[in-house]
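Just below sit the structures, each encoded as structure tokens.
Both of the next two complexes hold chain A, though its partner changes from chain B to chain C.
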Partner chain A sequence: MKKSRSALQGWLLVSPLLLGCLLFYAIPFVLVMQYSLSTGSGSALYFVGFINYQDVAANGMFTLAFGNTMRFLAAALPLIMALAYAIALLMQKQANKHKLLKSVFLFPYIMPVVGAVILVELLFAESGALPAFASALGLPLVDWLGGPAAFGVVLLLYLWKNTGYSVILLLAGLVTIPEDQYSAADLDGASGWQKFYYITTPQMWYSVFFALIFSLINAFKCFREIFLIGGTHPNENIYMLQHFLNNSFENLNYAKLSVASVLLLIVVLAVFAVFYGFVRKKEAFRG
Partner chain B sequence: MKTKSSVLASVLAWLAAFLSIAPFVYVLALSFLPASGGVTFHYYYQVFLGTSQYLTRFWKSLLICLCVVAGQLVVSILAGYGFAKCQFKGKNALLFLLMILMVLPLQVTLAPNYIMLDSLGLLDTYAALILPSIFAPLGTFILTQSFKSVSEDIVDAAKLDGCGLFRLLVKVVLPMNTSGLVCVTLLSFLDGWNMVEQPIAYLKDFMRYPISVALAYVPPADPTLQLVCCVLVVLPPLFLFTYFNRELVEGIVLAEMK
Partner chain C sequence: MKKCLALLLTLGLLCGLLASCRTQPPALETADRWVDGGEPATIKILTERFMWSDSPDMVLANKASHLLGSLGRIIDYFEHEHPNVTVEVEYVTISPSTRETEMQARRVALMGGDVPDLYLMPTMSSEIFYQGRDMENGEYPFVFRDPAQAMTNGWFADVAPYYNGDEELHTEGLVSGVMEAGMLDAQRLILPLGYDMDLMFLDKKEREASHLDQKALGNYGSTVNHVLELDDLRWITGLSVSGQQLNLLPALCDYQKEKLLLKQEDAVQFLKDSRRLSDGISEYYQDYFDRHPDVQSIGAPYLFSYLGGEKKDAFSPELPAIGLPLRQAVDVLAICKAQGFETEILPLRDVDGKLSANITYWGAVSSGSKNIPLAYEFLRLFLTPEVQWGGTLTCQDGTTFKTGFLDRMYESEDLYITPGWPVRSQGAVEARWEKIYQEAKRYERNALVIADKAPPYITDLLAVEVTEEDLPFLAEGVDRARFPSVVDLWFDRLSSTVLYPGLEAQPLTDQEIAAKTEEFLRELRYHLAEG
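Here is the complex of A and B:
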């Protein structure tokens, strides 16, 4: 009796969230799937199979945007994980000493979009600080925002803004590892690398997983800065899916929009599934 | 005992700290230094007192943000408590689905949201910005994890004393979980304050654009004026961060569900 009341209460409590998610995510997704397979609009929808997908796949702008987005993720995620892990390991032993530092690392995360965009322009635009500095040193001029270097600039912006977030997630995992395991290893004469491999790594899978997930989430958030830095038609090195979507919004091409959403959904789910499967396997082995 | 590696660690940590803060100082310093040379408060006067266009947009954006934060808090407090303290079938499956939803970027959900807002007739209104953000799942995750730490004994004792659910939440559970609550407030505030994709996609009227995206989308012609506006936009998150950075650090970690 009591159990069923708790269940009812549970459903009641989560129902606002579920209704909202149903209304704004679940139901519209079904519609998007339908749009992606149809032509026309409103009540005059005709099923056309995968023609829209073929169209979008043959669209040069889409493949460019999709390729750049994947290239960005492939470069950004390993970089941020390596950087954040290194910082977290450095801070592991001094987590209490550097309580203030932990919040300081989060500081860039609060920089509003407009601030980040202005900052990039102040530093990297033709009249910015970096080109001025380089020419003072007699170095050759690089077009930071107009050429291939733009990709590196947005990568740098992403790392600057989001590394602190991942450091905090990783540190939270590191501080749960008992100190005496390291002392015992020291007694046995284990090297730093051995300690990392045999003690730290196996106990960190969950934290690494979540740091990776949030790095992924934050990477997609970073596209808003990239979008604003580049304008609607940036140079082709930083033409991301966000630009493609925005341009499709401008001429309200539902079919294109829907196909792009569905394809991106599939990619994100696939990445998530790989990460999740991996961490489940590692944790099952451990526990 | 100071070893070589701990000195190295300190140096690197301070270097990272410097890199985190320096850009803020740089922007602030430049906002007093116009291209024409000298130091001036003229642009601050112009933004804060001379014209009302920036401040009006600022307050409007703040209001939008407060609606998002308030809605997100209510939804995630209820759902968080439901997930943390009630037993029901399908709970774990739901949490898993929510985790997937959390990972989905705006680029995926923008078009579905647009279609729904269109059929609800909400396009080109502030509600288009507010409603979908209220149901973002991150807050629920953080609060579910946070509420789990409230011991069953306390909940049972309160119930025995005839405490209803609403009073239990307000008087017992919420005061014990301030870190989680503050963290949800801050994160959803940041998300609301930094909306870019949604206004561009859902709103036609540029006058309705929140300040952060408006300034970046159509920047003021004068670069120093632009910087002063930027300082104005940094103020609310900076204020929140200064007061609540400890809670933020504690709360972010709560999203690590096991």
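Here is the complex of A and C:
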């Protein structure tokens, strides 16, 4: 009785959240799935099977956008995790002594998008500092924002803006590891690498997973900067899925929009599921 | 337990998805028109304030509204004829500063299923096109950025069964080449309501005395070459076209296959020809104004100005040709005849020698409409002679509703008809001439009130007649028609860069033109893929 009453209280507490998720996520998701399998408008939606999926899969711009997005994720996520982890490890011992240091890492993250774009333009635009510097040295001019190098610029922008946030998340996990475990390892003569591999890593999987998810979300948010730099149709190397989705919306093609959204969701869910399954197997998570 | 729950949820999701979808009903050959059974009904229309009206900036400046104009009276007629039917009109703000935001909200609503029964829309043609060019962001946003593309995305209902069975509409009187633009496979999704194309008006006497050979004007390229190669440049004045040029190029793209049809070399050649033409026009006019510093303006005479007494000859030895759109043809031809000029009128053909037109207005029944026959019943009114040519719609009880445009700027509400040439072209010339004649008679009556006789320019106008034989190319019909869209703005930006590089800048080289053309084609590829 007490257990069921407790359960009821629990359900009541989460019901507003569940209702919100239902109204603003679940139902729209079902509608998006419906649109992706239909043609027509308003109440006159007609089922057409997977024709829309076939059309989108054969769409050159979609494959370009999808490829660029996956390429960006494949480059950005490992880099940001490696960089953030390294910085977090370096800061592990100093974190509690220098609290201001943690705040400083968040400055790029909280910087307004327009500010970040202006900075990029000041550095990389045709009249920017870097081309001027390269020209002064007699180096060949590179179109940093309008050519293939734009991909690197966007990647750099993403790393600069979001590494600090991942550092904070990872640092939060690192400081929870008991210091005496490291002391015991020192007494046993463990090397730095051994301490990292046998003590730090098993207890950090959950934090790493958490930081990875947020980095993935922030990777998609990077579209705002790319949009301001390159417009609706930027250079082909930075033409992302969000450009395709945004422009399909402008052209009132919600079938393509829905299909692209569903395909993106499938990929993200697949990545999430793989990594989640991997993390779950780890000892520290079970513990 | 969890796996069972997950499986049940997935099955529920799939069932919900598939159950909510319906299969499309089979297409009918013909269908019966809507019959008024007396039950209450509503037609919701999504339109623009400058639909069937003046340009956006004029409407905004005059605080005018299409509801005050012809569209309002068509609605009044329909509601009077069918008292149980209510016509609700919705339009997006015309104010440039808030239009973008409102347009986004409207698009979201459309995507969410809040669709009207009927779309009545102008295209990016003529004045509206120029409005878009002046916008800060370079685009005057429309609900449908590209109507031809929207046809492939399932937004419009197929009205072919009603159209095909509508004997009262006499669809044989409509220009088939223009009406076909609203078809996709065998479906009739859009009904074009007006169109336009560029014409060359030539002083016949001067033309016969010159070396201008009509046979050399078979396509755009040969026309430009021939006119520029003549001993004198004066015939170039007949090629001052409207500025919208994409209809002079071959078909741009196949929207269904999302394939770009326009070749870069064709576009580059067209731009080069246009640049030569533009340079020639600038050179000629500069020279003309240097020799005639007292001349304030040149161009086609304006009917209202003519009736008001403006003395402006249609032609002169130095200006023996006029370039103007089809919608002004009858007006200017009437003035030419009244002034004693014999005129030859030639349409400006595209690069392939075809007669191609830009559609100015269109209407379509929404695929989400709950009463397609009723929506079609209203839409078809726009193709009737009374509305196409401006006249009077008469109800069964004898009540009449005029369909001419009412504007505070003009005294006469009868003279200003639909911007664009009517798709009901058969009989349009005579209908337009009749209006001009009646208006001239009104001016004559007014003049006789204060004087013994009417001014000679009025009597001259009343002594002539304009018939369809004066515009023989109308009998040819139109080879193809297109819906101006956001693509026209992009091309205009490209051609402006090529034609008008600026006072200080050097003209673009061939490589630069090719590079800019490739950028335009790239935008077009994106547009095809994303729409």
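Everything that follows uses one rule, which is that the second predicted complex is superposed on the first by the 267 of 287 C-alpha atoms of A that agree within 3 Å, B and C clash if a C-alpha of one lies under 4 Å from a C-alpha of the other, contacts with A are read in each partner's own complex, and residues count from 1 in each chain.
By our rule, a residue touches a chain if its C-beta (ideal position, glycine included) is under 8 Å from a C-beta of that chain, and two chains touch if they have at least 3 such contacts.
All of these numbers come straight from a predicted model, not from anything done at the bench.
When the two complexes are overlaid on chain A, chain B and chain C occupy overlapping space and clash. When the two structures are aligned on the shared chain, A:F133 is found in touch with neither chain B nor chain C. Of the two partner chains, chain C is the only one touched by A:H233; chain B is not.
By the touch criterion stated above, A:Y197 is placed in contact with neither chain B nor chain C. Of the two partner chains, chain C is the only one that A:M61 touches; chain B does not reach it. Of the two partners chain B and chain C, more chain A residues are in touch with B. Of the two partner chains, chain B is the only one that A:G164 touches; chain C does not reach it.
Contact with neither chain B nor chain C is seen for A:F50 once the two complexes are overlaid on the shared chain.
In the superposition on chain A, contact is made by A:S38 with chain C only, not with chain B. Within the superposed three-chain model, A:L264 lies in touch with chain B and out of touch with chain C [touch as defined at top].
Residues 249, 254 of chain A lie in contact with chain B in one complex and with chain C in the other. The part of chain A that touches chain C in the complex is made up of residues 30, 33-34, 37-48, 59-62, 233, 244, 247-256.
Contact residues on chain A toward chain B in their complex (touch as defined above): 3, 6-14, 16-18, 20-21, 23-25, 27-29, 31-32, 35, 87, 90-91, 93-94, 98-99, 101-115, 117-119, 122, 160, 164-165, 168-169, 172-173, 206-207, 210, 213-214, 216-217, 220-221, 223-224, 227-228, 241-242, 245-246, 249, 254, 257-258, 260-261, 264-265, 268-269, 272. Interface residues of chain B facing chain A in the complex, by the touch rule stated above, are 6, 8-10, 12-13, 16-17, 19-21, 23-24, 26-27, 30, 74-76, 78-79, 81-83, 86-89, 91, 94, 98, 100-116, 131-132, 134-135, 137, 140, 165, 190, 193-194, 196-197, 200-201, 211-213, 215-217, 219, 226-227, 229-230, 233-234, 237-238, 240-241, 245-246, 248-249, 252-253, 255-258. In the complex of the two chains, the chain C residues touching chain A come out as 13, 16-18, 20-24, 107, 110-111, 113-115, 143-146, 149-150, 153-155, 157, 258, 366-370, 522-523, 525-527, 529-531.
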